[in-house]
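Shared chain: chain A. Partners: chain B in the first complex, chain C in the second.
Showing the complex of A and B:
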């Protein structure tokens, strides 16, 4: 990574006016995306992620704030003079042009290369995306996955400073989507270009990204590596949006070394590695796969809860247990079907839940 | 059951084809009629002499030339202006869009007689000398809506991301239009242009009001019916029809070749 970030957003706000009403789609976003990074903007529809990307591409101008590409403010610069390229959700391939002509479009416009050079680079790029031999086909003659690759090649062949991808895999079926994820990662490594990836699919973002910005309601809720965002959700929204998360709450009753303890009875407690003082209300998340489920109360210093199994869902590689705890919270437990030939518990069984202190995470603490 | 229904459908289809083709067939046939009188209603034998003597009547020839000139010029103007209107209406939201749509619809639906009469009174009031110029203006006026509507339909179905993609790849606004937008709406533009040409070349009512002393092909034919329409008129009609059929065939062949 060089010192200058590939893309920088500072206090970016975007307002739209429709029928005399002003709506803020982006409410002040600050981001710094490094050179060669695979960066995801993740969030539900309407969270402002696509608008943010469109402002980087130049299709929308921010109401206020600055956008810098390699340190240069590009606000007001039209899209055809910004050194970024975009892969559209609909691919937006030119239907009247062949695959090779589609890919060559950008090179011809920027007049950087002569005819021979263009042909060579188009050929190379089609090889990278695995479409050699389809140069003369029309986009309509290709499958969805192939069209996706043409769209990628058409953008990458220009050697942009950054590649923007707007939900590029949303139109593909599950199998194809998974194989394209692997492809995308490989291509990004091969070309070494900064990728900014907009998606509402948390699994996709976790799989592909170096870093993720989780967006909600026009703001960045959390920025971090996939592991940080998943294991240390900064807000309630992030905890709920990414993966399945169990939310528990209670007031701190005592402190035990580095940990805050929420005692919920003589035998039940939640242990959290947090500096909160006694009396403070805490919201704690714990991921389903971190919880152990057993019929006897386990020893040890960690969190322990008692509950009744309300549902057992067999998933093949694993089993999900839905447990209603004695405090009334519903907790999901994810157990790998590794060695246990039989189910640990059935519906209606009384069980003990336990996890190590480090797997509790206090939101906002 | 289904075989009988199939037969019925066949018969119906052929009746319909006959209904459409019969008048044209009669026109073509009487271009080969070896008529000796001023009237060309009775079959008197086969001849090719009218083809040889096609341009024998200078005023008829001049009328045909006038019609072709007016049709080509008004089609060219209409296609450019109508395409721009259609693009604006199909692609963008702007103040006055609803009104523009209403005006277009009015231009298509208002009776020719009313339009012709009002155009004449307008030209007279403004003291504009009637002639080829006023006819071209009138033809542009009534055919522009047809081009605008066909282009609008095409433009509305365009993915807006296509133009954004072109800009993203470095195309200027003009390049985007020339290389992406125009090729995409071309079928609509061509359909509109053909409509405009067809409407112009055989227009009678509005032309009659706005032409002054200029005579077009339809006006000449109308005038001749009182004294007898010469077979050259049938021949010219046949040739115009043949050119139309030729264009249609070329279009079908080209479309088929594009598919394979």
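Showing the complex of A and C:
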């Protein structure tokens, strides 16, 4: 990574006016994306992630704020003069051009290479995306996955400063999506270009990204590595949006060394590694796979809760248990089916839930 | 069994209609075109092919003029229609249907009436020329009516929507993301238009040209109302042969000659510029 970030957004706001009403789609976004980084903008539809990306590409101009590409303010610069390329959700391939002509389009417009050089680079790029031999096909003659690769090659062949990908895998079926994820990661490593990846699929973002900006309602809720946003969600929204998250709450009753303890009865408690003082209300998340489920009360210093199994869902590699705790919270427990020949509990059973203190995470504390 | 017959049953009413009012008259006219005689003594089928050769000899210049006018008016229509269609498709936003309605509004008035009102507008001392002459902008002798320009202008005006609509449909279907992709891939506005928008709208242009050229070349109203003796088109000749001279064989032969010329023209045009090849040509 060099010192100058590949892409920088400072106080970017975007307002749209329709039918006399002004709507803020992006409400002040600050981001700094490093050279060669695989960066994801993750959020539900309407969170402003696509608008943010379109402003970087130049299709929309920010109402206020600055957008810098390699330290240069590009606000007002048309898309064809910005050294970034985009992969569209619907691919947006040129239907009247062949695969090779689609890929050569950008090189031909820039006139930086002669004919032979263009042919060579198009061939190379088609090899990278595994489409050698399909040069003369029309986009309509290709499968969805192949069209996706053409779109990728068409952008990457220009060797842009950054590649912007707008939900590029959304139109593919699950199997293909998974293999394209691996492929994308490989290609990114191979070409070393900064990738900005817009997605609403948290699994995809976690799998691919070096860093993720979780967006909601026009703002960045949390910025961090996949592990950070998953293990230590900064807000309730992030906890709920990324993965399955169990949300528990209660007032701190006592402190025990580094930990705050929320006692919920003589035998039940939640232990949180947080500096919160007694009396303070905490919202605690714990991931389903961190919880142990048993029929007897486990020993140890961690969190312990009692509950009743409301549903058992067999998933093949694992089993999900839905448990209603004695305090009335619904908790999901994810148990790997590594050693268990049979289910630990069935619907209606009384069970104990337990987890280590470090797996509790207090939101915003 | 029922499901296999359904498509045929659905075609039946339209098919019968075409048979009764298109195919049968067409056959009758073919028959007429080879007859001889006159309206008083009656016509007789003698397979007189000279009706065709004589028609071509007598009115060859009118055929050429009709095709020439068709070419001029179609070109004028294309130049006017493309920007208008593009503007409605890309820029009109939610008011698209309003502008399309405005475009079609003159069609709610009779074709003849529209053309006749042009005569009023363009009259030597009418509201336009009269005013300009009054201001001394134009010399007293200046006139528009009775000139080729008036006929071409009238034809262009009357058939403009036939060009706008197919082009509009083609542009409207264009995926805006494809246009954005071109811009993203370093194409300037001009390059985006020439490399992407225009090639993808060519099927609409193709349809528009056919839909305009055919009726324009066969028109007789504009030449009659707005033109002079030097602007007679083949449509006027056929009209006169039919309704004034009652020479049905000659009129029929001329009609079929025109039809053959137009069909051959369209065929060649489609072969030369047909969809796939148009796109090939537009690539580089």
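Definition applied: the second predicted complex is superposed on the first by the 365 of 365 C-alpha atoms of A that agree within 3 Å, B and C clash if a C-alpha of one lies under 4 Å from a C-alpha of the other, contacts with A are read in each partner's own complex, and residues count from 1 in each chain.
Everything below uses one rule, namely that a residue touches a chain if its C-beta (ideal position, glycine included) is under 8 Å from a C-beta of that chain, and two chains touch if they have at least 3 such contacts.
What you are looking at is a predicted structure, and each value in this text was computed from that prediction instead of being measured.
Chemist: Will chain C clash with chain B on chain A after the two structures are superposed, or do they fit?
Modeler: clash
Chemist: By the touch definition at the top of the document, which applies to A:85: first (chain B), second (chain C), both, or neither?
Modeler: After superposition on chain A, A:85 lies in contact with both partners, chain B and chain C.
Chemist: Under the stated touch criterion, which partner chain does A:106 make contact with: chain B (first), chain C (second), both, or neither?
Modeler: both
Chemist: For A:154, decide between first (touching chain B), second (touching chain C), both and neither.
Modeler: both
Chemist: Shared contact residues on chain A for chain B and chain C?
Modeler: Dual-contact residues (chain A): 57-59, 78-81, 85-86, 88-90, 92-96, 105-106, 109-110, 154-155, 158.
Chemist: Show which residues of chain A lie in contact with chain B when the two form their complex.
Modeler: Residues 57-59, 78-81, 84-86, 88-90, 92-96, 105-106, 109-110, 154-155, 158 of chain A touch chain B in their complex.
Chemist: Please name which positions on chain C make contact with chain A in the complex.
Modeler: Per the stated touch rule, the residues are 175, 177-178, 180-188, 191, 195-196, 199-200, 279, 282-283.
Chemist: Which residues of chain B touch chain A in their complex?
Modeler: 159, 161-162, 164-172, 175, 179-180, 183-184
Chemist: Given the complex with chain C, which residues does chain A contribute to the contact?
Modeler: Its residues touching chain C are 57-59, 78-81, 85-86, 88-90, 92-97, 101, 105-106, 109-110, 154-155, 158.
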